[in-house]
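Presented sequentially are two complexes of chain A, the first with chain B as partner and the second with chain C.
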Partner chain A sequence: MLEMNLKFPHWFSIVAYMLLILVPLWLALDRLIWVAGYDISSWLDSLGRNYISQGVIEFTILQAFFSTIATLVIGLPIAWQLGRYEWPLQSLIKSILTMPFVMPSIVAAIGFLNIIGREGLDIRSDEGTWFATLIIAHAWFNLSLVIRFCEPVLSTLDPMLEDQIRLLPAGRTSWGRIKNLWAPILLPSVAAAACMTFVFSFTSFALVRWITLGENTLESMMASIGSSAGIDGYMISRNEIILGASLIQFAVLLVSLWLMSWLQQKRQNLLPQASENVAKTANPTGWFVIIPAMVFALLPLVTILISSFRIRETTANGTSYSWGLDGWEYAFTATKSLPSAWDALLNSIGYASLTLIIALPLGWLLAQTIMLIETERPILARILDIATMLPFAVSSVMIGLGVMLGMIRIDAEFFYSFWPTPVIAHVMITTPFVVRIMLPALRSIDPSYEECARTLGVTKWNRFFQIKLPLLRGSILVATIFTLAMSMGEFGASWVVTRNSDWTTLPIMIDSLRSIPYNNSLTAPAASAVSSVLMLIAVTLFTWAEKFRPSRGGGMF
Partner chain B sequence: MKSKGTFVSIVIFILMTSGCISERIENQKIDDGGIVINDYQWEDDGELTIVTYDVYGLTDEMLTEFTNQTGYEISLMKLDDAGSILDHLLQHKNVQTADLAIGLDNTYLQTALDNNVLWAHFADVPNISENTLIPYDGPYAVPFDHGYMCLNYDTEIVDGVNYTVPTNLWNLTEDAWNGKVALPSPETSSPGRAFMTATVDYFANDADNQTDWTDWWSAMSDNDAIITTGWSEAYETHYTGGYGEYTEGYVGDAHIVVSYCHSPGVESWYNGNWTKSAALDLPRAAFHQVEYAAAVQGGNLDAASAFIEYLLSEEVNLQMPTENFMYSVLEGTDLPEDSGYRYHSTVPSQPANVSSIEISNNMETWLSDWNKAMVDA
Partner chain C sequence: MLSCKGLNKSYEKELFSEFNLELEPGEIVAITGPSGSGKTTLLRCICGLENLDDGQIILDGKEITNLPAEERGIGLIFQKPVLYPHLSVGGNLRLGSKSGDIQKSLKEVGLANFEERKIETLSGGEGQRVALARALLANPTVLLLDEPFSSLDDDLSKKLVQDVKTLLKNRNCPAILVTHNKTIAAKFADSIISL
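Up next is the complex of A and B:
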């Protein structure tokens, strides 16, 4: 049966994907182990033996835990309001609240630096606020996961169910209804959102790098010592640290993702309780939740735009600010040491397009493969499903290190002169998202369409173009836009890979601009200017995606 | 579906295979001087790639002038710091990614020499001061600027009333200094390495035989010293005595910091002859840092040598104090006297005395000892 369903493209997609993911990582691991020696306990011990890695695991877990809690605390009331009540301009409100998720992390970092900075709340100078800022920034970022996961369950639940439970003794009180109706129905969605938030916060890099100075996540620590990894006989402890850190990171993330995949399935089984005829009421008091939430979602972005025009002037009399385009001009003028933002923009667009050309068909084929073998070989399907999520567990910095060490091993001169090199990392990072978006869409197609068409003698090509493609159109567009947005905003892997090359991208340029010593007063506005560009691209892509998002069951994102 | 699969296969094939076809013009040169460069082979493609970090001195005007004079097109590969330059060179040994490295200092140079990642240049560079040739005097690297690393303190707070000016590094382990000292990490920063190296010498030569340098670092760690990734984070973000307080992201919790002994001079030069920062001149607690330009193995040696010559020319090197905030390496030069630059700069009376060979032989051990000292017991 299996042989009948799977054709060459499916096998090919699996093999190509495995090669693409495994070859760079295998080469990197091989290199690291060659330097550090194969001694797992020594790798793990090295984390506690070295100053740079001391306390990093604790910090990583702690901040990811609190970020998850904060995200749920902020996100659930919003999801409830959105899901249970009727709002004017509902889709606009929802778009604004879920937009932060497509914002590149470095843009979020710049936004929050502006909010807490001297011209904002002015709390940056108090180190005690850094941790809270990081947590809130992570909550801002992951808010949309809670909304996306929980809101559909809430908004489409058959109202009969709630009416019925009100009549039962167990549902007389609101606590009873929460306990006996909402909690069981929402739990898988909440847990899935929590899992995903935990994963994203656990691997946070740009935000940690810029907000909590002196503290590292496993991810940011690996990035900061990665440049001396894999060199024979040199800085051996760093190779051990990277191996130990990635082992722990991999284990934690793999467990989270396994949980996630299991929860997703539970969640899908619950969704059929949905009803199309839900009549919702308005809730004026709910504005006390919705308005602050929208301010929260928009504030970092607004401050980025404003601060790109604010120029600091320091004289003997003190510091004053004026308004002007100098920051933009500085960012968009090439110097010998810093390319112009135009170059970064062109590189980013080029990389994103190439990534799309590879990741979309690859992810689609993988999703189709999973679906085809799902009924016959559920365990195999699950394994493949997990394998496609592997890059989430490996994290972008590790992928970056893999590509960097891998290309040095294979043919460094070629890769350094080969402009599309960073695309390898971007494909590794975006393909899992394509799979996650396409899989539910493919599942939702009624197989009888295909069978009917076949019976009617419609050719294979026509079946594809006239039946499948139109049905999948929405999801393909969402996957397209998501891939473009992810690639344009990618930070961790690009930070590792492009540092040794001339090809800067927009996120990397923001980081470089912000790293220029601050006696140059254009550093901050120029970083904000490039962030504004990236932000506007993300908003445009996102708005476009919202138009095509399938109303329900359109996947996780 | 099949065509899609084929398409993907083609793209991946292109990505995965290495079809590098580069013509290599073989070039051989025999130096008429002492060093025979007969087995070097390189290609003079009219381009010069410089691997460096944020060296201020490499201004656009200065680089453009070089292109005008010699015709070489320059591209810069900017890394985070001197350590990243060494990492890059070691990582890409036998792979030609750069022609010239600018910014390795005397705490990193010997490792680069030991690993044969540099080539002897054939630039004509006379007139380099004796002092800057002490750490290394050979054909593989040329000093282009130098300075001393010192502790700097904020005189408005360390005024003898609120804080007493330290007379000994042990003072900094006292309660009063808890959380008030910013030190760049020797693991990730070259000023950090330089200062750590100085402490090795300082505590090897102090009167106390019971304790060594790692005990001091342990005590500093217990006293909540602020360990930063690099110099700029220590100086701009944490130090109260410098220009950081006018800038974004300023925290201002440290009143003493590792910087250059002439940093107060730079502050004064910027502020019209005023600074509240001063360098602390403790014997053997300062480190003489020399920064080098070095031709990279396998790179365009013609272009690298031409640039070294240009960098060491009076036209460029005399500008080091104002363009790069470091001393020029040319004989008989000093910092300018304008706006208190020289007045507020300190030349340490007795810098730490550690040779490059000692540094190279011991650095990994020192770093591992430093780590042991810094982590909680």
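Up next is the complex of A and C:
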């Protein structure tokens, strides 16, 4: 029996996590298997048999692979310039270049749609361009991963290491220095960034949905056929496709996460070689990299704002454009088919707040539980640690399907009319992030702080409020902001869960507005207006979070 | 005053066995021994941060063996000063006592006007003095010192040894010092025990 430091709240957190996160996934699997049967080979075969899923695996892998290459090709020169040279307004440049990653995926999709769609360059309908656009959009979205992973290594590497290698035969040529110094030092960071980019591109949904012309990745295919799954005797092959696709996606994500965690470890081992105070020089020619990079990072976002004021007018003489607030007015006024953006905003705030109320204490308690048992019971701690990361290996659409099929399994009618239902999916997505933020923060508190306070006679509650809480303040705020921002921008799971309900969130409203037929000239500017609101919320929240983020050792986020 | 009877503790090996100690008011005892001999563990057991395998600790006639550390009234100065970085010097001292005279305590350890100073601005010696002032402000029945001078340079260490000893004697506060340095033990304590 465990000699437990664990108290009721810790056990409660484990049970609550099982109920909230693992049970819906299990129920969904159970429901799908109930319809499709246990034959795994039949699940996998169905992917090649059915016209819906033919070529989807190949396309998913191909686009994720090219997206990863493009992200590295664009991101590495930027990371090099930022890391090796001194720039005026460096933190502003860095904020601009890392901004794309904090944008909700639907906002990114609208940004690119504005550029390539009918209101922009009008090249979307050309099959020869959308694949390249998708790759560029993924590179835009994941650019900051390369910068975040590689720039700290480049900017803080002890200059003596470079000086020394120049004086050795192995480092007399540029190639020699790359081979013997930069490549070994940068490789884990580059590989970690590539790994994460691959994962995000592999599970991309909003960008694939809005940039391609009906092409599917595993993720978007599951989202589109998910609504007809889980019904006894109905479209059995779709259940098989979802099971097969989930299995492949789960395996790919699991391997990627394992690789990622191994690379992170290697990367952390290299960081201590770095020095915080490296004197850097200016590099005027570097502006040829930095300026285009900033334009690239800002362009889709700026087009969103501009498009929200640009109204298309089609007459017998052709199409012209005017400027006005009509798009904003349309977005913020309820119509017969859509609620107003105010309703969507209130729903989004409500869901985000409820998600925070559940995910923050749950994630914190889970992190505390892992930490408490890791000395006494390291294997059990590792199992719990992996269990808390499981939702990372399940994409947001899979989580949405889990909740939806779980609802059908228990009481579909009740859950479809129950306003907080999407919160279950949001909690599943955000709790692992809270655990990842709080665990290193809890581990970083010197145990002697607690011991010293005890010898001073400080009571348990005072120790919590006067010592632990202030020391964890930064990480709690980062976890809070992250949870709110992720919940407000969440698209994939919400799209699946809320499809049959009346509740609209900001991302769902953007999608719905763009789905309205093209002859309504106000829907595109209205979608851009709502995207602008979501964009401003994301920028505000993440700029705020950046102030509290530990510079090093603060976990993955 | 403080009476330790037959204290036993072992992890993978035996750390101390049948350890006995009688400490009178104002008396300072030093415990010496090589690294890994269990000196620090002994102090942690006496102040309640760790449990004994066997034995009895009596303080002012009351058995405290199973009392939690926060209820024993025994102070501990750690090898490296444990100061809370989110609190000022004054804030750290207020953890020892909310109503105590902080100015006076700081003056006593030679740090007058340090109340508003931030922790990261303190030197090693100043930090150790703040930790001492805080421990004394809590008015401990006994003060335990776990090699508090070992991380300081020689001159500072000599000065602090003398200052702390004077302070404890003036307050008639009994203390146990753990150190591997026999010279410091001889200068600081009234008697020495080898572990």
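Note that the second predicted complex is superposed on the first by the 482 of 557 C-alpha atoms of A that agree within 3 Å, B and C clash if a C-alpha of one lies under 4 Å from a C-alpha of the other, contacts with A are read in each partner's own complex, and residues count from 1 in each chain.
The rule we apply is simple: a contact is a pair of C-beta atoms (placed from the backbone, for glycine too) under 8 Å apart; a residue touches a chain by one contact, two chains touch by 3 or more.
Everything numeric here is computed off the predicted structure, so don't read it as measured data.
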item: Greater chain A contact set [chain C / chain B]; value: B
item: Touching partner for A:412 - first (chain B), second (chain C), both, neither; value: first
item: Partner chain in contact with A:499 - chain B first, chain C second, else both or neither; value: first
item: First, second, both or neither for A:113, with chain B first and chain C second; value: first
item: First (chain B), second (chain C), both or neither touched by A:230; value: first
item: Touching partner for A:453 - first (chain B), second (chain C), both, neither; value: second
item: Chain B versus chain C as contact partner of A:470, first or second or both or neither; value: second
item: Shared chain A surface residues [contacts with chain B and with chain C]; value: none
item: In the complex, chain B residues that touch chain A; value: 1-2, 4-5, 7-9, 11-12, 15-16, 18-20, 22, 54, 58, 60, 63-64, 74-80, 83-84, 87-88, 90-92, 95-97, 111, 115, 185, 187-188, 226-229, 232-233, 236-237, 243-244, 246-253, 270-272, 274, 364, 368, 370-372, 374-376
item: Touching residues (chain side chain A, partner chain B) in the complex; value: 7-9, 12-13, 16, 19-20, 23, 48-52, 54, 113, 117-118, 124-125, 127, 213-214, 224-225, 227-228, 230-231, 234-237, 312, 314, 316, 319, 335-338, 357-358, 361-362, 365, 408, 410-417, 420, 423-424, 464, 499-502, 512, 515-519, 523-524
item: Chain A - residues contacting chain C, complex; value: 446, 448-449, 451-460, 466-467, 470-471, 473
item: Contacting residues of chain C [partner chain A, same complex]; value: 47-49, 68-71, 73-76, 78, 82, 84-87, 95-96, 134-135, 138
